[in-house]
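Read through the structures below before going on.
In what follows, chain A forms one complex with chain B and a second complex with chain C.
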Partner chain A sequence: MTNKHREPLFTVFKRTSFSKKNSILLRVGIIAFTFLVSMIVCSIVIKENMFAIIGTFFSGAVARPWKLILDACILLGFGVAIVPAFKMKYWNMGANGQVIMGTLVSIVIMFYMGNFALRSGFNNFLTLVLMFISSVVVSTIWAVIPAIFKVFFKTNEVLFNLMMNYIAAGLVAYTNYALAKGQKEAQDVTLLNEGGWLPSIVTKNFNSNYLVASIIIILMTVFVFIYMSKTKHGYEVTVVGDSAPTARYVGMHTKTIVIRTLILNGIMCGILGFLYASAINHSMNPSMCGSLGFTAVLIAWLSNFNPIIMSIVSFGLAFLTIGTSKISSVYRIGNNDLANVIIGLMFFAILISEFFIRYQVRINIKMLNRKKEVEE
Partner chain B sequence: MIISFIVAAISMGVVYLYGCIGETIIEKGGNLNLGIPGIMCLGALGGAVGVNVYFAIFSTANVSTLLILPVAIFFSFLFASLGGLVYAVLTVSLQANQNVTGLALTTFGVGMMKFLGSNMNHDNFTLASKAIKKLFVNYEVLGGFGRLFLSYGFLVYLAFLLAIGVGLFIKYTRVGLFLRAIGESPKTADAQGVNVTKYKYLAILIGSGIAGLGGLYYVMDRSGGTTFVEAAIEAFGWLSVALVIFSMWKPWVGALGSILFGGLYVLPQYVGISNIQIKLFDLFPYVVTVLVLIITSILDAKNSQPPAALGVNYYREDR
Partner chain C sequence: MGNENANNLQNREVAVELRNISKHFKGVYANKNINISLFKGEILSILGENGSGKTTLMNMLSGIYQPEEGEIFINGEKASIHSPRDAFDYGIGMVHQHFKLVDVFTAAENIVLGIKDKESLKDAYSKLTEISTRYGFDIDLKKKIHNMSVSEKQTVEIIKVLYRNASILILDEPTAVLTPQEADKLFGIIRKMRDDGKSIILITHKLAEVLSVSDRVAILRKGEYITTLNTKETDERELTEYMVGKKVDLKLERLRILASPPVLEIRGLNVKKDDGTNAIQDLSFYLRGGQILGVAGIAGCGQKELCEAIVGLRHYTGLITHKGQNIGGFSPEKIKEIGIRMSFIPEDRLGLGLAPNLSITDNLLLKTYRQNKGIFVDRETARSEAKELIERYGVVTPSTETPVKNLSGGNIQKILVGREIGSDPNVIITAYPVRGLDINSSYMIYDILNEEKAKNTSILFIGEDLDVLLTFCDKIMVLCEGKCMGIVHTKNTTKEEIGLMMTGAKNLVELYPEKEQGIAPDSLLTKKEWKQLAKENEKNDK
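So, the complex of A and B:
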């Protein structure tokens, strides 16, 4: 075969436009497709009728609506907390660490001030305020340290934040041990009373605590939406993210903007950490956030940093996780691992669809014909 | 006492070392693969599949090291490379964001190992582990020397050979030079006539395969085949990524660093400290890595920096 003018069989070039309707259709289609494929694979593995499995999935997902909403909100909370930083192309992989540092100080305060807080409603309020402030401050410090090194010394923030996650997790493990020392054989510290719990709005049951947490996170989402789209700060963040040199040329102080945005990021993570301690878990352990910080990165990125889309995606993921864990428990196949497999597959599928939205592939017909000729 | 500590440190460090070597190759080609924890899990899964394949063919009586080891390594490498292939297709061909793809791969890989692993036949793992661990016999007669240098399974020696080999390869060969060029500036390499896509694919596939052996080693050698699903491979994977930074992208340094990291991991068992202090010890590798990261970036020394194009996809038409 001596064709000197070899041209590539495929040429890939950037699309100039792709209609919004089509891109949504493509994504929904690919998610539905992946879901279906996973269910078929599941039915083969479990040796059970696929429709029965899908039935289990849906009934499991809606069986505890409050849990579903809370899970979705927590996921969303992690997502919106890191959105401003990400919009700036600052890869904050440390949301996990930032949140659990907030929880850490909150729990320590609850541990020592629990009795004080129980004495009166006002005391409890004071405790909550103290928890809130310290949680926010510590989370902010945790978020800003890598940012400072990033802007002054160009230290890689991805790797720095990953390490900060593990340092935070280690500190939680240490504190748990240290606090639980007096308590017999306990691995995690158990709080002695309900001092420092968020007050219940409706009735004194667990769900209302979930409700408060969910509402606070939704308010946070609204705030981020307005901050990013309507304020000067949000605009500056976008400019720095699109092109840092441009931002410098028009006279923006990029270093200040980066650190300011990370302070905001830290504050929101601090709020989440506070909620974990005061409303959601009332306890802590190094792996309490699982890989939520990473999942949030995926959500924020794939929703194109739009808080509204992020809400939908978070809800979908929470639905998927709870539904799949129901399948796992009904058919006794591991814990939440099946959910992770399906979520991973979905992200792969969406990443593939992303390519077809941004790029166009053209098959070089000339080359195809020539190949045939050569073969003939 | 000292000797058994060093032996434990080395045998633990090898888990990190495999991940570190693999990730170094990948990062030298300009790809930051945060999927390493997932890939190591896939490697562990592959190793388990390999062991089961071996026992499906041969009997459980008299397990042959010469046969089971290659089978396990082959499957481990294969599974891990398949994970790497997904990453390579997405980031190199389909221009997907590397961090996002890596995290998705970690989610997938960890889930896959635990999901399939928990539904797998574990019966013969300890048996397989004994065979995989066995290399030299009667090394005890040589005393301390024997225990220090001859008491490990084949995979330990392989790791250190790979560290030296890959270090030499990256630094002194032409292909290694091209690989580094791609990591620093893919545009320049492309202009030189280097096939950037091919290099990146090969680097990711081979690097992932090597990293996967870390998972196999942990399950089948270090932990004796007893812990599989519970294995904390994900955390070890992140430590491997940390070790790459710690080693400043030099596998030789990585080999020494792995012994240090491994030593820190096993130290509490040897110095008789309280459980609380253990928790503080656990922080040490991460703190040291952060310090290395900070110091190298402040010093801005040319030969200890990450590859310049690390984490950035190469799209030829972006000029």
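So, the complex of A and C:
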């Protein structure tokens, strides 16, 4: 009988209780540990004192505080833009495409109206308003098309949105080519002047364009927080996400709610697209958002769709990104691969901490001993 | 085999012995010092109210939880059970309340799933056929799970356990999802298994079941072990007292109320199932104020579709009128808009009636959130309503902000019923409102429905327990494969007659064609008006 009943070496239990304080401690602990390990790895690879590297990391991250805040805000912006849709269990994987479509129209307007905008402050304002509206409209259309297909024809929104990303990238590449044709440097279109740029509040220490963009995104975050937690619309979104039949049962129009939410999602992506053109990049190319649309999914998910936690996570991630790329550049590693490895490790660490918060692992000491006996 | 049970006067072999088992969740004891032994070849019922720790205890025996204190002995030897697989190795198999089957697999594939010894499906078939014939299971092994009825799925679960050579079977509330006939059949099988030497634990809260099937009954109350009795030497009253902890006088009664004119009149209703087949065919009936119309029928013969059609969740053809007003084809929202206060307590509580991950407060908001002016939801009012509801119905919950899916079945149902009754309805449609509930909760629901009846509310009560339907309802409509077999006054009928009608052996509609079944003699509309409505309906459909 005893031989038959082999006990497993590890047993995983679902935790029945785990205090909030402990879970935060666990998270911070695991993240700090991973950071330390990655710094040790760095020091081995670079053959440099670990503390010097850590110093470079922190000084690099805070060297340009407004850039740091802006980077955090962009991440946050992508995150909050998709929160309502994700909360509804509508997996919008097309944030990238939706944002660059917004940038595309803004850039086109800037290209043709740049001279007009420069003539007076009012002209610039008109241009900005036009850019804003067109970006929002185009991004919204881009976001709503897959939603309409999902609602009426039951297509899969994940695949549809991924395809929409490719189409958007293609359109940006083509427009770039078409606009840049007359210019000397081929590749990307270069704007001739600063028409259609967000206004600057000039002081010595920072680029104020970044500040305006950051404030707009923070306002967007506050809006999403209130929208999701306090309004009837947000409440309906939560119900549809939790149980669509229940929503129907109490008389909610689920189709309207899905499309309405994706309009909101599109508007926010449009705002981001507008900011890319008017404040952040002043140019466009198909890969300008990198994989932010997907990183945002991870951020939103890890933060349990809570905009406040998302702010913290975004800031941490931006800090990490800038710090590690500083290491890459100071120690001449050449490209950003090391930075990416460290960021990947950190994500992995967060996922591991989530696992240990939900589950408890018990090691069966008896089995360990028995194994030893067998080996002996 | 050493027999260590000193209290065992019958000197029978002990299959399982639980000694001083304790387990707690978040500081609350789910089980406290439980001592129970199970003999070989007996049926032991474990009886207790909702939340008394029956399922937790059995989950420890089947390896899902580990006890914090105490020991488990199997066949006289101390056992350590760390996973369901360990439990299988000890010959313990549990059939859970919620089935764990792969929908797109056949019965046989599900049964052999997860067995390590590579055995061909062919060999499995011969063994499975042998098991089926030995115990009298009636099942098509090649049928896919998603085509199966609930009782067939349960059969698959039981065969799955037997196929793994279990000698100790635990059945968690097996009859909660079965019709009386199906339950009787299951009991026959259980008795055969006992006679074959297997030990069976039956988790239940139904006293009639305990008395008719089991040899002994162990009673738990609030996580504590109370006593074990021989079923032959006890009765319903004694069991209830042990279970509830005090003398209870539960009586199901039919309120006598002067019924008012018809409120809801339904004529020529046709509803389709999701797969396009007919669910309800040419059904006519009416509901009066202050009257409970019971609906009897074998599970899945159109009850769900009937409810959904009336409340506007499912497309149908035919006429539904409310106080003479045609509400054909209206959505739930539209029905509410024109001032009809219809409440629907669906069979699927967490899937349709409530949003499982939302808090109690947010679930109460579902019905009322539109009433608040402006763009914001009013959670404060809902929170105080939640508090009131929790107090009034004695809901056991840590707070008003607990997700409803974390509550026990009875408490979930109290939230749903409380919310629906709270909207002061004049029509209540309810499907299996006491399914899975314990005695106290069940009677509470019956009392609430009777209170509503006294307020002149019309109630459509889809039930499964014929005894309840016969004592509780004023009239019973019997459905068989979506067709009406007749509508009878409960005082003029018997359980046998209804049973015959349920299987279609007796059809009052065909027997007495001159007696128009389900047509109110004092209908609010004249025949002419009905015809006109039907014409309008046809036009709209086109």
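Operating definition for what follows: the second predicted complex is superposed on the first by the 334 of 376 C-alpha atoms of A that agree within 3 Å, B and C clash if a C-alpha of one lies under 4 Å from a C-alpha of the other, contacts with A are read in each partner's own complex, and residues count from 1 in each chain.
Convention: a contact is a pair of C-beta atoms (placed from the backbone, for glycine too) under 8 Å apart; a residue touches a chain by one contact, two chains touch by 3 or more.
Just so it is clear, the structure is predicted and the values come from calculations on it, not from any experiment.
Visitor: Which partner chains sit in contact with A:149 here, chain B, chain C, both or neither? Use first/second/both/neither.
Guide: first
Visitor: What is the contact status of A:33 with respect to chain B (first) and chain C (second): first, second, both, or neither?
Guide: neither
Visitor: Looking at A:51 after the superposition, I want to know if it touches chain B, chain C, both of them or none. Which is it: first, second, both, neither?
Guide: neither
Visitor: Which partner does A:125 reach: the first (chain B), the second (chain C), both, or neither?
Guide: neither
Visitor: After lining up the shared chain so the two structures overlap, which partner does A:112 touch, if you call chain B first and chain C second: first, second, both or neither?
Guide: Touch partners of A:112: none, neither chain B nor chain C.
Visitor: Chain B or chain C: which reaches more residues on chain A?
Guide: B
Visitor: Quick one: is A:167 in contact with chain B, with chain C, with both, or with neither? Answer first, second, both or neither.
Guide: In the superposition, A:167 touches chain B alone.
Visitor: Counting only touches as set out at the top, which of chain B and chain C does A:348 meet: first, second, both, neither?
Guide: first
Visitor: Taking the two structures together, which residues of chain A meet both chain B and chain C?
Guide: Touching chain B in the first complex and chain C in the second, residues 13 of chain A appear in both lists.
Visitor: Within the complex, which stretch of chain A touches chain B?
Guide: Contacts found on chain A: 13-14, 45, 91, 93, 149, 153-156, 158-160, 162-164, 166-167, 170-171, 173-174, 177-178, 181, 291, 294-295, 297-298, 301-302, 333-341, 343-345, 347-348, 351-352, 354-355, 358-359.
Visitor: With touch defined as at the start, can you tell me which chain C residues reach chain A in the complex?
Guide: Residues 25-27, 66, 77, 79-80, 82-83, 86, 89-90, 311, 313, 331-333, 336, 344, 346, 348, 350-358, 362, 365-367, 369-370, 372, 375-377.
Visitor: Can you check the complex and tell me which residues of chain B touch chain A?
Guide: 32, 34, 38, 86, 90, 94-97, 99-101, 103-112, 114-115, 118-119, 229, 235, 238, 241-242, 245, 275-276, 279-280, 282-283, 286-287, 289-290, 293-294, 297-298, 300, 306, 311, 317
Visitor: What does chain A use to touch chain C in their complex?
Guide: Interface residues on the chain A side: 1, 4-5, 7-8, 11, 13, 16-17, 230-233, 235, 238-239, 242-243, 245-253, 364.
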